[in-house]
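Structure first, then comments.
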Amino acid sequence: MPAKRTAGLVGVTGYTGMELARLLAAHPSLELVRATSRGEAGKRLADLFPHLERTAPGEIVVTMPDVADLKKSCDVVFLAVPHGTAMDMAGELLDAGARVVDLSADFRLRDADIYAQWYNLAHRRTDLLDRAVFGLVELYREEVRNASLVANPGCYPTAAILGLAPALKAGLIEPDGIVVDAKSGATGAGRGANTAMLYCEVADSFRAYNIGKHRHTPEIEQELSRAAGQGLTVSFNPHLLPMNRGILATMYGRLTRPATTAEVREIYAERYAGERWIRVLPEGGLPQTRNVRGTMFCDIGLVADPRTGRLVVLSAIDNLCRGASGQALANANLMLGLDESLGLDLPPFMP
Amino acid sequence: MPAKRTAGLVGVTGYTGMELARLLAAHPSLELVRATSRGEAGKRLADLFPHLERTAPGEIVVTMPDVADLKKSCDVVFLAVPHGTAMDMAGELLDAGARVVDLSADFRLRDADIYAQWYNLAHRRTDLLDRAVFGLVELYREEVRNASLVANPGCYPTAAILGLAPALKAGLIEPDGIVVDAKSGATGAGRGANTAMLYCEVADSFRAYNIGKHRHTPEIEQELSRAAGQGLTVSFNPHLLPMNRGILATMYGRLTRPATTAEVREIYAERYAGERWIRVLPEGGLPQTRNVRGTMFCDIGLVADPRTGRLVVLSAIDNLCRGASGQALANANLMLGLDESLGLDLPPFMP
Amino acid sequence: MPAKRTAGLVGVTGYTGMELARLLAAHPSLELVRATSRGEAGKRLADLFPHLERTAPGEIVVTMPDVADLKKSCDVVFLAVPHGTAMDMAGELLDAGARVVDLSADFRLRDADIYAQWYNLAHRRTDLLDRAVFGLVELYREEVRNASLVANPGCYPTAAILGLAPALKAGLIEPDGIVVDAKSGATGAGRGANTAMLYCEVADSFRAYNIGKHRHTPEIEQELSRAAGQGLTVSFNPHLLPMNRGILATMYGRLTRPATTAEVREIYAERYAGERWIRVLPEGGLPQTRNVRGTMFCDIGLVADPRTGRLVVLSAIDNLCRGASGQALANANLMLGLDESLGLDLPPFMP
Amino acid sequence: MPAKRTAGLVGVTGYTGMELARLLAAHPSLELVRATSRGEAGKRLADLFPHLERTAPGEIVVTMPDVADLKKSCDVVFLAVPHGTAMDMAGELLDAGARVVDLSADFRLRDADIYAQWYNLAHRRTDLLDRAVFGLVELYREEVRNASLVANPGCYPTAAILGLAPALKAGLIEPDGIVVDAKSGATGAGRGANTAMLYCEVADSFRAYNIGKHRHTPEIEQELSRAAGQGLTVSFNPHLLPMNRGILATMYGRLTRPATTAEVREIYAERYAGERWIRVLPEGGLPQTRNVRGTMFCDIGLVADPRTGRLVVLSAIDNLCRGASGQALANANLMLGLDESLGLDLPPFMP
């Protein structure tokens, strides 16, 4: 058995860190060897997260982030730190020669001005933007293989882009006037102490937030414009679900020509033929977030509505796995020359 | 103190029946005197529903539905039975001279052909369609006062119509291309035994259903066409939330002219001035279902998005109270010459 | 119509403050005229809590706590502040001549040494301990009527004492070896920002906490000792439920003699005859927290188990209403010479 | 790579069937080759359960149960059918020479009279009772290896026995007067259509059921009597949690001698040394159901309470995995000569 490859994780205390630890615990060829946190350095990871007791990652002692050590010890480093912080850390690691998968937003947008405008922050490492590959494997698999810096897509953009790109690419829907109505479980809001995210503030309720101004908007527009072959804007609007995991995006486009659901389905099936993680549902099928829980699957449902001239596309992912840590791991697999699905072929966790 | 008026409830075992009993328990001027159920006749209501022990409705003995008795005993009769059944029962009651609030869909659509098409059922009491008033008090208050038959609006239509009618009336948005993306708590699915609605099938998950073909669509289109002064179609798409109560509808229309959120808000505030149950939120405010829980409130949030040329309207109601039984009670109040808000001015149940 | 009496609320931002505002919004004879918060002073209450828009309490402007003003403006003052803080504030208010209902633990224990031992804090107003009445109306109704200071019982003690006192009083169970296994919804943990109480940390999980050392233990023991006529200890152990409201306590005592469930039930029914809020369930009935949601009801189920010689008592309350703010309001009603149930006779909020 | 061993699953449509399919999808050495259901025969399993699309079990076509075929095709057969049905099916399979893991209660009780008394049913295959091994690997590992019929333990008994057996074996607690207060997620109630288990009947509420008369009682007493070396009765009382998976049992025994938590912990740690799935928590640690979600772990927390002379033992398991299907798989692994943990070493699913 060949030695395992090694991974580092900068920022282990949040939900994406937790999820990466879960996935790496079961990975046959990649081992978590470093986990960092400024606040929790010195503790065994399993003391911090008792669920990890008796797993390999549980034995790690959390350390302070140290670029030289990470570079030396890890074949790949995952950054699970906030945007703004990530760009500096990624820069230092890349300067030192490390491979980096950045789960933050810092390298997703190719245009630094758009970044500045949406994140209200000047980008400090624009020199790296050209090296960064947008890590959506169904779109950029080959580029990821050769990348030293992967910008792991946002959770909402993953659902939206996988759901809409084929229709735009095929000219099925107008690029103009697209609506993405997206709903996410509460892990998407992170693990910081925050009254608005207390159990009793989220349970038994539902609400929208950041209507028209969520920072994932430019990321969606960037990739959908590319699919459409022309610039476009999207009305992207997120909502908070009273549940832990899962995103369902309901997306609306105007059909460019009369088309049946079967025809649309066929176009999607062809586009995603051979893609192990995309399940284009049979006609009449609609995705449920639980059907993809804990996995890399993106389930896509399609309904062409002749009455309104609309195509309705529904896509469901697990925001933590496919929308963050699992996708990061798929990217790392590719960067390390491994099969992209290693450690990621678990069945959905149901119910 | 004047004698209380009397109410009958046909079909007490579902969630709308439960909710009517809750509201009537606290009503100062209307008393539940009959509650019927073919399956549970003979039981005290409090034996069926232990939460009603020590409330006035709890003391009622459930009976078989009997038109003559209902007519004689009740100033108003609520029908909480399935569509199809309701039209016959309403017909018999009206023929006998009773006042009826029908919570089913049977008298909501003015056009029997559209009813037949969406419900796959020929209407057997088309003679009554002209007498039926659509019981949305903000739109038809005066007509309700004089009605003998009120068609209580559907839950989704209540949220959609209250949210969109002002914008259409004012010509703010194009009548064409409207999207209503609606999400409802699980009480909306009724109380029948059904594997798909088991706790473990609904909890911790989210899904859409009946995309493009939900039966509330023609009801929404009927009333929005009236507001717009022209026929229109709506892409209405419902979703199931892992929670008990509440509907949030997120609605998208194309602005007919550049308008700020403040301008739009002003139009809504004027339209709903004096309406006690419509809360047009301050600019920046977005509705949450819990803020209206257990009440008649409809909270409306408005965002004009210049980037996409869209108006986004969000409306939140309690599907059981405002979307069904509370609204039915408001209609009954009006029909009986009472203040419409009697028994309905409870604050939201939070959290 | 006589002028309403007036109430002040010190500490409006937590869940008990929220609940008091909800109840006072519907109270026919008591009006909230002051609501204080050091952190939120200056805001309209409805701006802080949008669900209170269009309710009377929503119009109040939050102020800094001011003893002289509270004394002057309010017939009764509710303290919804942490223990330790409450004793000083209550002291100042009483010194100024106000009537106080303290929702904290500061005046519940008659023995200052026991307070010091469990709360790790020396009591600074031992002079007031004799004046304080333990505000469980079924046990101390007459004393409450004449009190200037009511110590509102803890949520768990309310459920435990109401459930066990009759059996101890009647000598049905041994005073020794009682187990109280209690489970509470998450509102019991308060509204402070706290990672452990985030939605994703509480949802879809269940755990115990403070086994053998919860601070409600001495309060339960104090009152059960009184019922038993002898000192006793209780093994009290709380758990956190993934839901907002409700406590269910499952309690175990050793029967002193063979007794049937029917006999036990009869003893309870007699003890609580005339008590509007205690519902001793019929034989075979078991309480559910939802059956008491939003109310003052305490539902009690009883099972005598001859196989093990145990009496199992189950009691369910709403921790926020009966276990805190509703009970405080009942006490205030009594202190003001009003009917104890004013504003508190709403039916359970179901589902 | 050696050929995989083969498994059959009789009764695939419930939650235990679902869970077995999930686990077998990731098993390296055991393949699901038959899945039966009288109601769903003829469908692809993935058409029935869309989450299984793209997994190996998803490709199976559901068949009618056929003993000869099961015997011929499967190295081991799992029975996930109701008690009463299971005894006949198990009998036929064993008569035909098959290896059987029965997830029902039919072979758990060694005494047919006790079975008849608690299940109100005469046992029809008492001839097999001696062959049946109680499949709790920590207690009966060697017997399981040689068994042809394993009676898979009930979910509650698994939690209770693992939690209490060491204390009884060591004489730490009195055999008399033990209380097991157990709480379970809703998957424990099965997947049949049932109004009482609808989402809106279970969510946001908590209740007990079957106080003093749950059928898992004799199973717990049988095994704890064996641990104690003398007959005993247990007051076992289950509750229904508003969540999908997980059991937490809080158990109370009277200490036979003063003992510290550290001493008790040491006894448990020794007893379970080498047991990969038992995590005796550090002093101060208390189990949470989410920490074991989706796994075979049983987390045990211990608190010796000198004030009351009680030992409080808390154990948490996943009722579907450890309490049913995962445990069944561990037993199958042993019966087939495989490592017991094959396919069962996934980390907890968090959050």
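Residue numbering begins at 1 within each chain, and the chains themselves are lettered A, B, C and D in the order written.
By definition in this document, a residue touches a chain if its C-beta (ideal position, glycine included) is under 8 Å from a C-beta of that chain, and two chains touch if they have at least 3 such contacts.
Remember, predicted model here, so these are calculated numbers, not experimental data.
A count of contacting C-beta pairs for A-D and for A-B identifies A-B as the more extensively joined pair.
For the pair subunit B and subunit C, the fraction of shared interface numbers is greater than half, so the two copies use mostly the same residues to meet.
The distance from the centre of subunit B to the centre of subunit D, each centre being the mean of the chain's C-alpha atoms, comes to 46 Å. Measuring from the averaged C-alpha position of subunit A to that of subunit D gives a distance of 36 Å.
One simple way to say how far apart two chains are is to compare their mean CA positions; for subunit A and subunit B this gives 39 Å.
Those residues of subunit D in touch with two or more other chains are numbered 15, 185, 187, 200-201, 203-204, 242-245, 288, 290, 293, 351. Only residues 15, 18, 21-22, 25-26, 49-55, 57, 187, 203-204, 244-245, 276, 279, 281, 285, 288, 290-294, 297, 299, 345-351 of subunit C touch subunit B when the two sit together in their complex.
Within the complex formed with subunit B, the residues of subunit A that make contact are 177, 179, 181, 183, 185, 200-201, 203-209, 211-212, 233-235, 237, 239, 241-246, 248, 250, 252, 254, 286-290, 293, 301, 303, 305, 307-308, 310, 312, 314, 316, 351.
Listed in rising order, the residues of subunit B touching subunit D in the complex are 15, 185-187, 191-195, 197-204, 242-244.
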